[in-house]
């Protein structure tokens, strides 16, 4: 990464680590959701094992999207975003770098936490590994797609919920292929690799569409 | 690069904000070493003008260019903007804040302009908050925060300074210091556009007083040919 | 006069004034004919009277997709050509699209009860429509959370286009998801092979619905332009220095 | 309600309905979550019907909690909260009134939407009614408990997620009795009334604890 | 109610903010019809003092009372606070905003004080924004918003006005108007505590200049006598 990108990357990482562990909050929310669902569904272990991957994926989806509202807002409120637009750096790359830092600070912990939570849902090691792998490949896509919502709602003071509503429909394919890849690893109607590769493809597509769209949205929202 | 005289030229700018025409047909030019002081009543459009020069508010119509600047850069990319917001991250130390801005902001040194060469520490010293360098920016008072964000302008060379009520919320001492810095910037061949309610004592001032053309600025969209 | 000239809202409003009555008349007539035909059409040997739902359901389903296409085009108009009427068009199309989508869902599930014995199945096509509905509603929310119409328009345009790019992917993945699971309880929804004398009324109804869409769309656009002018007038009223005139301007609003 | 309370109530309702208001975002999120879950667990109608009440309750829980972050923040940011503290009105009542208005604006729509969403999860009319009833009684408790979280996080910029993490543990009892009341109505291991009454009791308790606690938190957070 | 002279008495106030001692042992008294003008450098503690008087920042130590006020009310509950924030809801109409504050804020009329009697519309007229009454507050310009929030002080009788840099970001005309209002409040037997960087021309001024006791305020917890 060129100098400025590196500086931005480091800064965002520092900020997300120092500010009240926003990374932690995401994981805790993940944990909370995953532990709440059994209270609702009831303690039927087979059932839990069956819908386990789904629960984990839905938890990760919500945790990622709802954690994204501050991605640009924090910078917008204190005027940093204005200066970034004047900085003479391509805004698309700025967004990409910020997403990367954000994913490492909040997405990666989710992936790491997944196997632990999988134990609660008594998933067998195979599916545990499968879910973790799919999350590892899939959550970046969620972050990148979510960035669009983040920049659309940057000027609104109530990000979270609205962002999620706007982005969830766009994130459905990721969810579908993530879960079905995980399922495929367990009881295979289809080989694991097919959905998994599609998932990777989705992430790559998101890596293009996300930054471009959200950079555009940021430019339009500047005022 | 051409070393002709730097000149910020605005030709009949028209600005809409929130669907309202703030002003139209505004033209002016500022030369190297000059400061354009923009005055006017509340809500007349001073901040809007500065944000437009900074490329943050889109132009409804009109042209804006920096003669003698780097041809392949927008005027906004050759300018520093010093507005009401400090762009200071409380969680980072004072020095970390500055270092980030230094490496992130693209420098721009057209011919005939020399300045913005100081290192972060020097800049902090100049502004008398050198002792806070290692502190988290959260511990700074309002005034100190403002000085920190001011030191941004000293560490990255950019010829144009856009300053929105730079002296607001500053006590007398800091105000004098600020004026000194602005004067040195002018001597270094920079140029300044600033909006203010108090009068500033700068070397070469060219003043622009905004007045409401007619009672109430015309809404952009009742004008015949625009919806919004 | 090129369509381009109707960029000017005032002229556009004049055009609407002229066109709208004819459009309304045409729409009414087509509906009359279409409904008549669809009740003359022979009832289906297996579905009986319920087949008539199709004459509402299918056109609605088709239109809820066409409406999104209109919105996407308008969004391109907003972002690329900066056409002043584009975001008005997009904004006023959204609720109509949502309404048609809802109608497709409603009639569909009403139809589903006799067909499958349940109002809803997670069939691929049904589900995609549901997702489409969510996208419509999301766009409408985005519009009404932003006060500044221009900003709202641009933001919504970005989202609409991203959505347009995504819709095929969503459709594809939902199909994939559905075929993956082979849900036992679901009768695949391919619909009855349509017999010609069922097809004709269907086509007429489709035409009627399309006309209805254009009528509603033009009306909505007119209202939106008016709404923005009122907003502008009130803004001026706010910023006017002399209360006398301002009060006068401020009155008509609300 | 005395004059000032009525004024506050009306104002909050107006605010949540007008432009920028958050009235409908919650319902949309509810809809989105309920729609997304089948993509994870699969379209098996029997399974969905079985976990239907749980899905609806979890959706409502999340929608309520995540929508609460602006309950006090909006007033804090523009200085309204300061003036409210100086107004000479008991802060506990102020909080209670605000919660009431907020529930009517965002909680009630959830209750109304529940039967429609129940169709997607093909719940039979009985359980549909049961879930709606439990939500009607239960969601106020969620709002009131959530208010505590809202006032704890009022001074932090990133409300939503953190608030949810803080409050979910407190809200679990409500969830449990809500779901089990709904389940009881369907296939009754226990009579419907027992958990339902406990749920009502929980709501009443929340109506006391919530305002007191969050008023205290607001006082401490003032600065 | 006793109609003795109103008097705001502060006895050696000590204030900590963010774990830092802002100032300690500050005492003063303001009488009916007087304005206490607080001045001092940036970050010295003017705003903190005002927010303390408003009961928004807790006292580390010291006492604060309003002699001659209603005995069963806190001083803060007999005061209007006019700070940097407007407390204006953009989504509500101007009049709705005012009506809410009128019916929500508890009035307080101790003996010898008459004022804050005007209706919302009158107040708006006085401040020259009567014509905006029916419009959404979102359409107001910065200056107008500030006046709207000022009109709050005119519709609910409260003897003490706490104003933090009231003239900041106001143009000359509005500033004069504001000073007029403050003077009438004093004549009505109210009292004012205001922080400012510019000098205000009021009738009966008593001034309080805050100075840093020692370079850099001591962190509260290192100060011997205070456990904050």
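Per-chain residue numbering starts at 1, and chain names A, B, C, D and E are given in the order in which the chains are listed.
The working rule: a residue touches a chain if its C-beta (ideal position, glycine included) is under 8 Å from a C-beta of that chain, and two chains touch if they have at least 3 such contacts.
As the structure is a computational prediction, the values presented were derived from the model and not from experiment.
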item	value
Fewest touching-chain hops separating subunit A from subunit E	2
Third chains touching both subunit E and subunit C	B, D
Pair of chains whose C-beta contact count is the highest in the structure	A-D
Chain at maximum distance from subunit C, centres defined as averaged CA atoms	E
Where subunit D and subunit E are represented by their mean Cα positions, the distance between them in whole Å	37
Whole-Å gap between the CA centroids of subunit B and subunit D	46
Distance from subunit E to subunit B - Cα centre to Cα centre, in angstrom	33
Residue list for subunit D, restricted to those that touch at least two other chains	19-21, 25, 28, 32, 39, 42, 77
Subunit B: positions in contact with at least two other chains	43
Multi-partner residues of subunit C (at least 2 other chains)	131, 134, 137-138, 141, 145-148, 174, 177, 235, 237-240, 242, 246
Chains grouped in pairs wherever the two touch, ordered by label	A-B, A-C, A-D, B-C, B-E, C-D, C-E, D-E
Sites on subunit A touched by subunit C in the complex	148, 152-153, 155-156, 158, 162, 165-166, 168-170, 172-173, 176-177, 180, 189-190, 195, 202, 205, 209, 213, 216-217, 220-221, 223
Complex contact set, residues of subunit A against subunit D	20, 22, 25-26, 28-29, 32-33, 36-37, 39-42, 47, 51, 53-55, 57-58, 61-63, 66-67, 69-70, 73-74, 77, 156-162, 164-165, 168-169, 172, 175-176, 179
Subunit A residues touching subunit B - in the complex, by the definition given at the top	3-4, 6-8, 11, 14-15, 18-19, 77-80, 82-89, 222-223
Complex contact set, residues of subunit C against subunit A	79, 131, 134-135, 137-138, 141-142, 145-146, 148, 151, 154-155, 158-159, 161-163, 165-166, 169-170, 172-174, 176-177, 180, 182
Touch list for subunit D against partner subunit C, complex	19-21, 24-25, 28, 31-32, 35, 38-39, 42-46, 48, 119-120, 122
